[in-house]
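Structures are listed in the sections that come next.
Common to both upcoming complexes is subunit A, partnered first by subunit B, then by subunit C.
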Partner chain A sequence: MSRAAQVRIAIAASVLCTALMIAASLRSPVVRAAANTSAAPTGSVKDYASPLEILFSRDGRQIYVLCQQSDSIRVLDAHTFAAIKSIAVGHLPRGFSLSHTGNRLYVTNTWDDTLSVIDTRTLTVVATWPVGAEPSSVLEDNAGKRVFVANRISNDIAVLNAQTGAEESRLLAGRGSSYMTPSPDGSRIYATHIYPNLQARRTGVESRIPPESEITVIDAVRGVVEQRMPLHRAAGVFHVAFSSDGRLGVAAQLHPKNLVPLAHVEHGWAFEDTLTLFGADIGASVEVPLDELERYAARPFGVAISPDKSRIYVSCGGSQIVTVVDVVKLLHFIHSHAGPYVQDLSASANYVVARIAVGRNPYGIALTHDGSRLFVANRLDDTVSVIDTRTNHVVSTIKLDGPAKVSPLRHGEQTFYNASYAFQGQFGCANCHLDSTFDGIEWDLEPDGFGRDIVDNRLLEDIRDTEPYKWNGGNPDIPTECGPRTEKYFWRSQNYDSLTLADLTLYIRSIPQRPNQWRLAHKQFTPAQERGRTIFNRVADKFGAPIPEQNRCSYCHIGAKGTNQKSFDVGTRKATDNGALLDTPQLVNIALTAPYLHDGSAGTLEEIWTVFNAKDKHGRTNDLSKDELNDLIEYLRTR
Partner chain B sequence: MKKCFMMALLFASMICAYGAPPVLPATMPRFRFESFTTANGLPDNHVFSVLVDGERIWAGTENGLALYENRVWKTFNTNDGLAHRAVLSLALDKRTGDVWAGTMGGLSRISAGRIESFTQLNSGLSNDVVYGVSVEGENVWVATAAGGCRFNTRTNQWTLYNERNTPMNEIWTYGVSASEAKVYYAVWGSGLLEYDQKTSRWDKYDDPDGENEIVLFKDQGLIHEIVTSVSYVDGIVWAATYFGDSRYDGRSWHNFLTKDSGLPSNFTNFIKGVDAHRAWFCTDKGLAYYDGVSWAVYRNSLVDGKPEMTVRDANGNVNPVAVNSAPAHNYVLGIDFQGGDIWVATAKGLSHGIHQP
Partner chain C sequence: MFALVISVLIVLLNCGFAPTKQGHLEAPIVVTAAPAYEPLAALHGGERFPQGAQLLLMRDSDVQPLIAGFAATADADVSYDASHVLFAGKQHANDAWQVWELTLADKSVRRVTGSESDAVRPLYLPGDRLVYAQRTTHGFQMEAAMLDGSAVLPLTYFNGSAMPANVLHDGRILFESTYPMGDGTTPEMYLVYSDGSGVESYRCDHPAAHTIGRWGGRQLASGDVVFTHGSSLAKFMSPLAHETSVAAPSADYDGNIIEMADGTWLMSARSKAAHHYALMMLKPGAKLLQTVVTHDSEDVAQAVLLLSRAAPNRHPTALHDWTTANLLALDARQSRDGALASAPTSVRMEMRSTDGTVVTVGTAPVEADGSFFVKVPGDRQIRFALLDATGAVIRQERGWFWSRRGEQRICVGCHTGPEHAPENNMPVVLTRSTTPVDLGGAEHVSITGGH
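Now for the complex of A and B:
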């Protein structure tokens, strides 16, 4: 090819590319919303804005975007999308809402257990209130008297005085209490939770019971729980929304199929992605699937109902879409077909009318007051998609300020939350490791045989350098655990390329430990914790008899993470287990991760020793009094 | 004028001759009792405890926890998650509306229909036999057959109180009454224990006569070591034993025995103070009310079994009051208040005492 021809081709290619870029920008213009923030260095996921939730000011003129990993609330002009201000809040904010008057914006900061109160007129933080354990969402009542805060770790909803922030009471909520919405008249609050409620443990594979969750209904006037709406077989319930007439409630949730082997992936998916519908339009609550063969709605998260109640919008974090449901068709389907529907992969074709591709890991969604636009917070590409609800097309994409480049760590995080690697895009790492933690569920995994080796899901926090992985210690490192093993037994589809696997590994190794709620500052211990620590480290029992090295707590659970990375038989083998040797699990934030033991047979830390340690193989504990066992557990909670 | 004076003199001389006419103290409440048994909805006639929660009534029976709401009884049992079918004690967390139930097999929390149970195997609870429970702020105080426990609902921490860290000689705790300032434990055979919330220190009140069934000096101290129930209200401790009852104001004791008060029996299962001066006594021979001066007893006659109410005034005069109903049984195990009404747990049914004007 002559040099002139090469130049012509290059020019043509350049023109074509330019034209394509212009066309793309016309179709979906990207608007840059650079806030007045200092430039952050790249290389850490904390540098990225990570928009998690979104809402409009009462007058509709401003957009508030909760940016989790940059610890900020970004305020945008609702018409031009120009950045107005970035407001620094606490560490890792997760939820926010406006006060009844709209003059206050409450923000829950999960990792410093505070609530930021922002004056929406001055866009400044006017108060920071200490609240409960990992506050995840917040609501003020209509009277402006009380503020309700859902605490994920303490599994409750705190009731605060709206003027002072003083806590009045804590209401028992579902496990992993996380999201709330008021009824349209404000008389009630509907709350969901992400981990299934703990139930009485039943050992043996034949006795396993499905997960149970609930929608906790709070009387907002009296400040007490009024009702608990059961969500059978649900685990991982996220946002809930109401129609403006209050007759239709919708919750987005996961419906895990953990009681059957994961071999069923090809035959009907490991998770069902569903909505629970309730309210006067429905009668008794029903669960409907969003999935369709080859078109899954992995990890439904945000929910919004159009003002005219014609559409339900659901963000699906794993599938990177917004699913649009036609309400008339949905109600017609429900009222004309006998349930249950949740196992029916053909059902959603009757009411799902669009699946709109948006950015990476879409989470919070918000409709404009007139319902003409839907704004979608795409957490992992730092954008907000703007959807024209008449055409169901993305008409604009707002780019939030942050690093321009995707770092390897960020790429690993994107991979973790992406469901596209699994067969037909059914689920991803984050399905079982919700928000990079765990799911509180025991699974029957196929490689061990059907009905064999039921395993409890383990926490991912701070797992670097705790190899080997798996309860049987079968995987020597994270690349093996997350690469070939996951690809073969979970995804059953495409493999990660080597760079993607490397980045995924990098991300998983970087997941830190959440702040421990039981640990005092400056490495201090309460008297009970101190007594428990002494028991943990003891080398002789109460009768003076030496405890063999392998039967001391501190031998297996050594070091900062509490594992010597070896396998032992601690006498907990069940009839369904193929072997007795088990990897020593790390103790990181062990207080949060019930149930316990490899198969989840111990519902509480106490049961590890009161029920499953009859022969003292899991440490010498049968000489301990009840007081002393309590002390040991108080210490373990600090790990 | 002279005639009037003579008539007045005659009336006065009659009073002197025959004593004052019976006058019912104005503060003595009268009730019409309606009773519930298995015949009209209760799961069992043996009712250990009763709790008023607004318009709802909870009854702890030998066969489940019964809830009376909208004139219908509903029963929660072990299939619903209750720790044990025999419910011995009940307490209400007024801030959250949660009900705490002490059972023969652990402690249960009933929260808007969801039941969580804590046992000595799955939690830090010291013993599954829970005789008493009391809620104070974020703490639930528990009296068990192996000492007392404090469960912090915010931190989930259990603190155990027994012979190792309190002056408790016996660990058989029968009742507990907790407040922001003080917590009292009724201990079988070990008197009354007091916990000061500010100082975290324990104090102990014993019968000055030891374990002897005698009282050398009246009002010298706690009436007996076998304390079955305690109620702390308005800074006053009301303590029940199987050998009489006591009132303690922090300085002085006042004891009640059948021989010197209107108490129908020294064998008292349960005591509940209304305020600093008034209290209800649940005995094996009927229900008694003390208003600080006079006594009223509500029961079925020990002679003919007919409903009776008697009033004992400050002078020790006992007079009957005509009534048509009485609690379901004289063996009374618990009481709670619903405005002017009372609810009474007995060995053979639950009774609603409807206040009569």
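Now for the complex of A and C:
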């Protein structure tokens, strides 16, 4: 007799099927903030609002949203979230802040090197000041006398006259100077940078050292650098926040593992996502992880501390979450456990109390003045999440005006900034290609052997049609580079589907060259650049000897992008390199991408030839004087 | 004889769910019914169903054999789209267990494995693959294969048994073995990728009482892994390096939790060893188990839902075409086991064959920063011991592990635990040479004195 035949069963089916019912998801309301935008939606990436930063007016009645790719500041009613106005600013704004009085809103426009000054009473641009190279954030001092502007490309902070915009001085900051935060009393400015500082280059695998970054502390009254707070092993530092009493400072940052062979991903092997804590509450600064054993808080960016100093909120752009830290628990942990903490992926259990899912690529965050709500700018789905800080739930989502449909290009961009494809969501494309550029460090990838073929990370700008890819030219196209290779050796986990890969490829191929800071208008050259161009194109050396075709600069670095897409032995092979043939890199914005050569062994363009070209295999250059080499470099900077 | 305790209904009504029509079961359940069920027997090479077993399909008020024409069936696993069921079956009582696949639409079955020894506990893997346990001369070893039975790939390589428990969302296979692996007797949970690489303990807070094991792990939607620990349940959570207890009545649990949409759990349990396992329901935090299905003369176990589910991530294998593997330790001095009595200067590797013969393959230097870099034989059980300058063993691995052929793997230290991330330092051993010391097993190698 079968067992089933023996059955006397009276299954309360309702029990099981009810238990299996999926509870209706609690969805927060979506509010649409339609604005009087001037741009007609076309589906191109530029038309998407792309909210990057967010802040409140001094009276708390208005919300200002910096919308990067629509070149605008959207002004919303802070209570109804209704759109009040869209203010057109310069190209690709990145940072903004209110003046001390709140009457002015300063906006940095990165790709036209200007600062928009908005009158917050009329919500109109009242001045546009030319500033430095790729201005990325701005602050006015308490006295209303100076405006500080962080310039990403020139690695400095310009000090401007707050009335005229005239530049008074420049302060050396970290490489890729980008974000600034005032201390609560306004006496100091804390500036961070996204690329690690260049260090003295030493050749060979035996001399590889960890990246170093800093928080540049500026005396805002005197307009001078007061201190450089080292951030050891950090590469990619973003926003800083302070508690209202000024006793606790927090910086969001990346902690890459570029010196360890990238053999696998689990256990924080590629990146950790950390906070550096400093201030009187801490004592000596400490770094604490946000990650867990099997979940990561990829790419922490925005930071805010609640007015009562009970919570730290951190937007994590790659993980699409806001991480909530209990400050009391955090301080107790730090004061009761000996550091360092960053190697312990179970440390965050002591102080992280919530991970709140928000929209795609959350960046800037802002607390209401009473701390009851946290607003989160979700850059890649054009929304602002509103979080109830008592419950840690998203209670509203504000949809900014823009194209309703996600274009393939936009989808590709979303994929680029999404960390969910890597094993356990540890990192994404944008971890190594910060803001779709590079990271300024060298990596040890596994398939070439441990400690072998150390490779410098290359810039993505305008890489379309520069194939093959990789320094050894091993990948014939972007789909190969970003598809199976990335799945196997980077993500170590199932990759995107083929349609998503196609969209990602479309996005990467569309990344443009940012404005070249050394290039004059109308294809003009300075005299030095002109002399350098002549050297670049020469066919004979100074002594009249013909330079073999393959040893001319212009042979390998030909064309608009400066590559003939072939591989050569330029004499830079190290003992730990598996081969001597190297893909000819494009020269696009070469001035920005130090260090140089395939393994980053040349700290400057000059070192390529003064240190690493003893046998003239990397072009005939040993006949050049120092001035002539300088001229050549001046020309290269225009590429 | 089966019976259902109706009080469960009351529990759920109190949760605010409206009952659907009684007698109508929207989510069928497949269970294994067996006169005797010894869930851990296979870890020691034994038979889990010594008196046979049968898969039953429970739908609404009806219970029927899931599959006709078999002398024994067990170990059901439902495909991600709920169209097929993998199971272990014997067509005749004297047959070995083999893995079969049932197509639910037409009730057809086909054999997947083709060995002469037992093949049990199949689980679906992404990419039209499966993993199962294959009986060998040295215990049950896990194998992966395509669903048509081709491309068989051994995943485990040690003297002992490994039984698949669950495929985690991240694609790793959670399996049961014993601790220390290859030598111990205490059930413990381990992880391995679906190409056999990356084997490690899920957590390294191995229970101090070595007679109380951990097994029956199943991952919930939250990512937590709930499992049986002694006479209760416990779980691993992403933020923690150690297990946390689960409030549950004391009982013999079979693990293998089914998580319902409302958060309640279904699992098999029994109050005493003399009783039979029954299908029970537990609302996390509740003090009482609610009986769902019992049978007065059989165990009811291994419940699975006939529901579609999300597929885990596929693991893209990156193994090289080598016969050996490379292992890099970043700092062998680091360990959960505390500080070493003296500085290690070399590391000794031993290799064990399936007949239990242990040979010392050789030694390699340990650098001042604790790093060493060695080439080891692939797919062989190995273990390391740290030696001081006098050649004395100052720390010895407790169990055995393997590296797959073509695997390149890095350890932070010696038994540091999965919570221990590497620091971003250049290992000194790689500054000396990027060529690993060859402990590939061809001949004895002795290189000592790392610093």
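Of note:
Quick note on the criterion: the second predicted complex is superposed on the first by the 606 of 639 C-alpha atoms of A that agree within 3 Å, B and C clash if a C-alpha of one lies under 4 Å from a C-alpha of the other, contacts with A are read in each partner's own complex, and residues count from 1 in each chain.
Going forward, contacts are C-beta pairs under 8 Å (C-beta built on N, C-alpha and C of every residue); 3 or more make two chains touch, one makes a residue touch a chain.
Predicted, not measured: the structure shown is a model, and the values here were computed from it.
By the touch criterion defined above, A:423 reaches subunit C but does not reach subunit B.
Touched residues of subunit A were counted for both subunit B and subunit C, and C has more of them. After overlaying the two complexes on the shared chain, residue contacts for A:258 are found with subunit C alone; subunit B is out of touch.
In the superposition on chain A, contact of A:336 is made with neither subunit B nor subunit C. Contacts of A:487 after superposition on the shared chain: subunit C is touched, whereas subunit B is not.
Once the two complexes are overlaid on the shared chain, A:164 sits clear of subunit B and of subunit C alike.
In the superposed pair of complexes, A:346 makes contact with subunit C only, with no contact to subunit B. With the contact threshold set out at the top, not one residue of subunit A is in contact with subunit B in one structure and with subunit C in the other.
Listed in rising order, the residues of subunit A touching subunit C in the complex are 2-4, 6-23, 205-206, 208-211, 233, 255-261, 263-264, 266-269, 272, 289, 291-295, 342-346, 348-349, 352, 423-424, 446-447, 449-452, 484, 487-489, 491-495, 576. Looking at the complex, you find that subunit C touches subunit A at residues 1-4, 6, 8-9, 12, 17-27, 29, 33, 54, 56, 58, 60-65, 126, 170-171, 198, 223, 238-242, 260-262, 264, 281, 292-293, 295, 298, 305, 307, 313-318, 320, 326, 328, 330, 373, 408-410, 412, 418-427, 430-432, 434, 436.
Interface residues of subunit A facing subunit B in the complex, by the touch rule stated above, are 132, 154, 168-172, 197, 200, 214, 216-217, 222-228, 518, 528, 603-604, 606-607, 610-611, 626-627, 629-630, 633-634. Those residues of subunit B that touch subunit A in the shared complex are 81, 95-98, 109, 111-114, 116-117, 120-124, 126, 138, 146, 153-155, 157-160, 162, 164.
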